[in-house]
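We call the chains A, B, C and D, going by the order they appear; numbering starts again at 1 in every chain.
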Amino acid sequence: MNQPLTLTAAQKAGPKLTAVALGAVLAVLIAMPLLHLLPADHALHVSAYSLTLVGKILCYAIVALALDLVWGYAGLLSLGHGLFFALGGYAMGMYLMRQSAGDGLPAFMSFLAWTELPWYWYGTSSFLWAMCLVVLAPGLLAFVFGFFAFRSRIKGVYFSIMTQALTFAGMLLFFRNETGFGGNNGFTDFRTILGFPIAAPGTRAMLFLATVALLAGSLLLGWKLARSKFGRVLTALRDAENRLMFCGYDPRGYKLFIWTLSAVLCGLAGALYVPQVGIINPSEMAPTQSIEAAVWVALGGRGTLIGPLLGAGIVNGMKSWFTVAFPEYWLFALGALFIIVTLFLPKGVIGLVRRRGEP
Amino acid sequence: MKRRPLLKSTLAASALMLSGLFPFTLQAAETIKVGILHSLSGTMAISETSLKDMALMTIDEINAKGGVLGKQLEPVVVDPASNWPLFAEKGRQLLTQDKVAVTFGCWTSVSRKSVLPVYEELDGLLFYPVQYEGEELSPNVFYTGAAPNQQAIPAVEYLMSEDGGSAERFFLLGTDYVYPRTTNKILRAFLISKGVPEANIEEVYTPFGHSDYQTIVANIKKFSTGGKTAVVSTINGDSNVPFYKELANQGLEATDVPVVAFSVGEEELRGIDTKPLVGHLAAWNYFQSVENPVNEQFVGKWKAYAKAKGLPGADKAVTNDPMEATYVGIHMWAQAVEKAGTTDVGKVRDALAGQTFEAPSGYTLTMDKTNHHLHKPVMIGEVQEDGQFSVVWETESPVRAQPWSPYIPGNDKKPDYAVKSN
Amino acid sequence: MNTALHRILLLLLLALPWAAQAGDATDYAHASPARQAKLLEHWAAAPAPERLPLIEALRANRVAIDQDKTPFIEEAGGYRALEGDAEPVGTPKKLRLNNRLRGLLNTALASHQLFADDPAQRLSAAKRLQRSGKPEQLALLEQRLEAEDDPAVSEALTLALANLQLDAADPAVRLAAVRLLGETGAPMARVRLENLLADEAETDAAVRKAAETSLAQVKRKLLFGELLGQAFSGLSLGSILLLAALGLAITFGLLGVINMAHGEMLMLGAYTTYMVQVLMARLAPEALAFYPLVALPVAFFVTAAIGMALERTVIRHLYGRPLETLLATWGISLILIQAVRVLFGAQNVEVANPGWLSGGLQVLPNLVLPYNRMVIIGFALFVVLLTWLLLNKTRLGLNVRAVTQNRNMAACCGVPTGRIDMLAFGLGSGIAGLGGVALSQIGNVGPDLGQGYIIDSFLVVVLGGVGQLAGSIFAAFGLGIANKILEPQIGAVLGKILILALIILFIQKRPQGLFALKGRVID
Amino acid sequence: MKVVPTPEVIDPIDTRGSGRDAIGLGRAAGEGLDARHGTILSLEDINVSFDGFKALTDLSLYIGVGELRCVIGPNGAGKTTMMDVITGKTRPDSGSAWFGDTLDLTRMSEVEIAQSGIGRKFQKPTVFEALSVFENLELAQKTDKSVWASLKAKLNGEQRERIDEVLATIRLEASRNRPAGLLSHGQKQFLEIGMLLMQDPQLLLLDEPVAGMTDAETEFTAELFKSLARKHSLMVVEHDMGFVGTIADHVTVLHQGQVLAEGSLETVQNDERVIEVYLGR
């Protein structure tokens, strides 16, 4: 059962067809922002609404992929990936807030009657440093947490609950106004990024393309990792950690590496998410958000690379549609979907697609 | 047939993305679309659901009278699910996909802040019906709830008066978010300007969903030994029930330490056993118990509507301040559209200035000529055993809003008319 | 019959002086609020027994005036003139009260009740006057103290008097008063003494010295009360956490189901309580006070039935795949929340504390223990005991433990594992339902009730050690007390964050929780 | 059946370097392992208790370089706990455990112990079920096992040959690309032994290696173990007396966490106390 990789399927399907299929999706994704640049009345114009919606889903897809690397491959279910996503988002948000505040303090600080920036805000007016923070904040936190957690061999449900506690603590901390991140309101009302107006079609298109690039890059990275010996060690770790230790591998290093990598990917996704949706607020750290991310992965099919992307797309696509089509009852549909998938599609949608493909 | 799987999944993925790309567009010339943007699920559903129903009722009422400009209003209800980014997304959808003429919605400040850039970018029109902290004045938003000077300050003035119990110590208790923070900041400045020493003001915040008020109530008790004390509560939503229960059970009565709340109305009291709360206060611009013909009609209509639609708990349906603000907002917009002869946002905005409406509060409310806020009366109500409020004090005439409170430094330089934030 | 006759006679007796009093009620009805306050202060200083019914009626907000401002008392089915026998002109409107008037009425009422025949009434009146006595009442209190023969009331009166005597001209009187105040642990005494000492308000050295001693004494007593209060609130929070987590300790701890719908079982238990309350108000209003007791078995069986239904339809298929139970139960929880929202509305529903769960027990002058919290602590222990008995002393419990430890072996021994799973899950859900009944007495009852407790519940179970009932108990009380120790120091938010950080650190040290079994690791 | 050569005295110096690579398994004692005094493993006065239950009491046991030692004992005698102590999975309450003369096992982590040259086969065959047989062996191979190395690891020809060799030894060539989860119980046992061979440890701990094997497989395993001895040190825990008889030169009997008897199989089988323990007399 636990196929280490989607690659087995991809290998079976033949490299050519895989390339064609992936290429087609990529082409559509690259075309979208370009079509967005067309005048609004053009027949092929892609609206800002569609672009931000798909952009948001792509960011979620990266989160799903990152989560799948730790859950599907290394067997560590994190219920706190929302925290890393939000940290990346906040780092980006700090830069955007500084951009719109100009030389002054961000509005919420003057509201708290603060007269100078807290130390952790220093340098955030520089895009480069903000980008460093996007990587460092989630990366360091994940490293420290992972270091201790893996050292004491916390695993399984314990690990999941601890990550949940971590994101919950983060949420409470960021909700506090004194923490210096805008409290419940978080960051909104961004104007420019690198000097470009954030709502301009060109900026939107570039952000979208960056997201597509990050997704493609993550996919490639995941593919490379999964094919390497590293990927096989992870799979071994998931299935028989003790055996692996007695083979002389130190699982801590492996877990820590993939865990930190996954957190950094989430942070990057968060950084691209914030300028596209226009807000970051502590509710992104709510435990329910992280659970939902796990649902995307499970729904798509964990332990595969395409599955999580499909899962994120399906759940969020459904959500966008249901919340308009039948606002009162969409939670029933969503809940039922989770139950049906876990009961009847243990390998997720990708498992279904595969099973149909085979005679 | 081994080649299929990946192809299929890829196709599925692209189909999904395409469906987001080209959503079907419906054009209906004979109706005017009106967006309703209130959370129907998630944490805010508790407050916002009834506003959605109130908006639908008001639209029915207008339609029954022939609609606006001879066209029927067509409500477009969406559920932003208490998720702030989703508010922005749904707002954009209402404006660009559904092309609504106006949107009524939002409750929390963060949801308003989330949609605000979208409405400014696309030049949409949003009516916001809830009391809030001010510090904002967008040309694309009309604020039909109270600004701090239309709620908080009069309430504290009342507490300091002889009738209110001549309070000299103030315990400012709130949920930790921007509305309580700003309100308390304004109140603190106000109290100090009235000669209350700093030592007599205590400010305490609790996280969202806080449910254990034992320590805080014990602290209030301790604080209240120092002199005549009043609690100013900006506790939000669900936390009110455990707070009031703890207050009652620890034996703090309204005669000893009155609590004046800015977020507790008739709707919230439905979930509380009010017997131990009699005498505690709330400040609003409208109470269901206000006696006048317009209100009688308004309450009657709402009760009939709730029953007819089979809303949950219809037999105990109540009206409250944000519901009245929604009702007033929709009617004012309709009047402005009639006056402008079009739903064009710029023209409607101009027509709204100075618009008046005979509101259920018993006053004729005026939309300010410049600052997008209503002139509203302020009322202090005391909780009664039946879950209603009896008005113990009210202003003589409607008060003009001060979205930029003079008690916050730097606000004197802010213009008293709406300007886009960027 | 006899009593009725008695009452009429009494009324007649009371009615007589009214005429002579030339209409206190009329005076009051005609007065402006400020004048009303003056009247009440006057009445408090010079009580007249005949006035008692009027004050009681005013305090109960049962006095109304008609168009001619004639005062009436509202009675079942109509109005009765308070003075004379006038008939109301038009519908009388209730006289408005506000908090100031209510406070003054309380004081006036206490003054009048000092003359009551019942010592208990006199005692409570004296106690009230300890808090709200006014200098004008000094003479009254002195007079009543002399006439008092009940020692408890005497003592209370002496104290009330001492409060007022601090301003006496005679240093000896002040000295006695100061000493007396030291004996009490009343928070009020501390403020009075502090004021006395501040700014050289007291000039007599001996009194000053006595005041200092008394103040230290009072402070000590207050501190003691405060610490006790903190300990109690810690216990109370712990018992709530325990009730919230206990069901999960079974469904998650024993069965291994990561039951995200656990919170919704609490919520359903609370809604069942609401339904029971509504039904009893309709069907058996005379027994309404006992609705929480009725709700207990009902909630247990309702939630147990729902739990069992879920187990049979969904969770049964997922044993051995714990992380997938998380997803399925998450879906279930979404559906349950929305179902309740559609059925009952998104708003909270009203669940009232019955009389015996309202208010609290005054243990010390600055310590009130609310009845509902005390009952809940007891109830939590009761549920723990029940669960322990069920799991350790019954056939069902034996089977549950057998199945959870080794499913295959248990099946081989003829244990019907399917049925046991169902019953165990039902038991866990039922206990969660019981927790819901308790929670309904503390907080609000709404669709989101469960969401607020789910994380805490998981933390309690994990911290205690999965599968360890005793561990859960220690973890719950430990968390509750730690929370309450930290909250006054650093605030509720930081306290909670610190607790979470501590838990994360603690789990590093003991990855299997507080009460993990040490043993050969089985792979 | 071959006659088992029973080494009477183990000469530490002699065992170094001579006849090392008969089946290409490398040296008996690796770099850094100092076993000059002829004992590869010394357990002294080990005590382990779980919540009051004494699993091991003052256990002392020495295994010489190149020795093949069988450990027998009734259930609950502490055999697996002893292995846990040696591999670092359980820390003893007191006592010392030395690997060679210099490595203190009580201070090393499981991974360090494995890397220093102790391999273990579990009672229940444990292989990486999702990986193929080939990949299982690849992971077990003696090589740099750091994260960084694994990211850029590529098999060279020599390593491939080595894997093929072991595949042949454990007779799983035909299944080389099958997921290990699909193997039979016996095949999994062999795969796990094969992984130990790839790991090339100085000391092999084998917990009931022939459980679930057919007679032919058992016989083959016996052959394999005998060929491993001398170049490696082996400690085999086994219930199957027949199997013990075919391979063991030295037998230790454990009972209630203590060594009850030690010596040749014959000596042990005639020991009164052993008979009592086994037959319950």
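In this text, a residue touches a chain if its C-beta (ideal position, glycine included) is under 8 Å from a C-beta of that chain, and two chains touch if they have at least 3 such contacts.
Keep in mind the model is a prediction, meaning the values are calculated, not measured.
The set of chains touching chain C and also touching chain D is given as A. The chain pair with more C-beta contacts between its two chains, of B-C and A-D, is B-C.
Separating the CA-averaged centres of chain A and chain B is a span of 34 Å.
The distance from the centre of chain A to the centre of chain D, each centre being the mean of the chain's C-alpha atoms, comes to 45 Å.
One simple way to say how far apart two chains are is to compare their mean CA positions; for chain B and chain D this gives 73 Å. Among the residues of chain A, those in touch with two or more other chains are 172, 175-176, 242, 328, 331.
Among all residues of chain B, those that touch two or more other chains are 40-41, 176, 205, 207. The residues of chain D that reach two or more other chains are 89, 122, 126, listed in rising order.
Within the complex, the chain B residues that touch chain C are 40-41, 43, 45-46, 48-50, 162-166, 176, 204-207, 209-212, 214-216, 218-219, 221-222, 225-226, 238, 240-242, 245-246, 248-251, 254-256, 258, 267-268, 270-273, 275-276, 279, 311-313, 382, 390, 392. Across the interface of their complex, chain B is touched by residues 9-10, 12-14, 17-18, 20-22, 24-25, 28-29, 32, 46-50, 52-54, 56-57, 100, 108, 110-113, 172, 175-177, 183-186, 188-191, 199, 277-279, 281, 283, 306, 309-310, 313-314, 317, 319-320, 323-324, 327-328, 330-331, 349-350, 353-354, 356-359 of chain A. Every residue of chain B that touches chain A in the complex is listed here, in rising order: 1-14, 16-23, 40-41, 77-81, 83-86, 88-90, 92-93, 96-97, 108-110, 113-114, 116-118, 121, 135, 176-178, 181-182, 185, 205, 207-208, 408-410, 421-422.
Interface residues of chain C facing chain A in the complex, by the touch rule stated above, are 252, 258, 260, 314, 317-318, 321-328, 330-335, 337-339, 342, 451, 455, 458-459, 462, 466, 493-494, 496-497, 500-501, 503-505, 507-509, 511-512, 523.
For chain C in complex with chain B, the residues that touch the partner chain are 33-34, 37, 96, 98-100, 102-103, 106, 187-188, 190-191, 226, 229-230, 233, 236-237, 240, 338, 341-353, 358-360, 362, 366, 368, 370-373, 442-448, 452, 483-484, 487-488, 491-493, 496.
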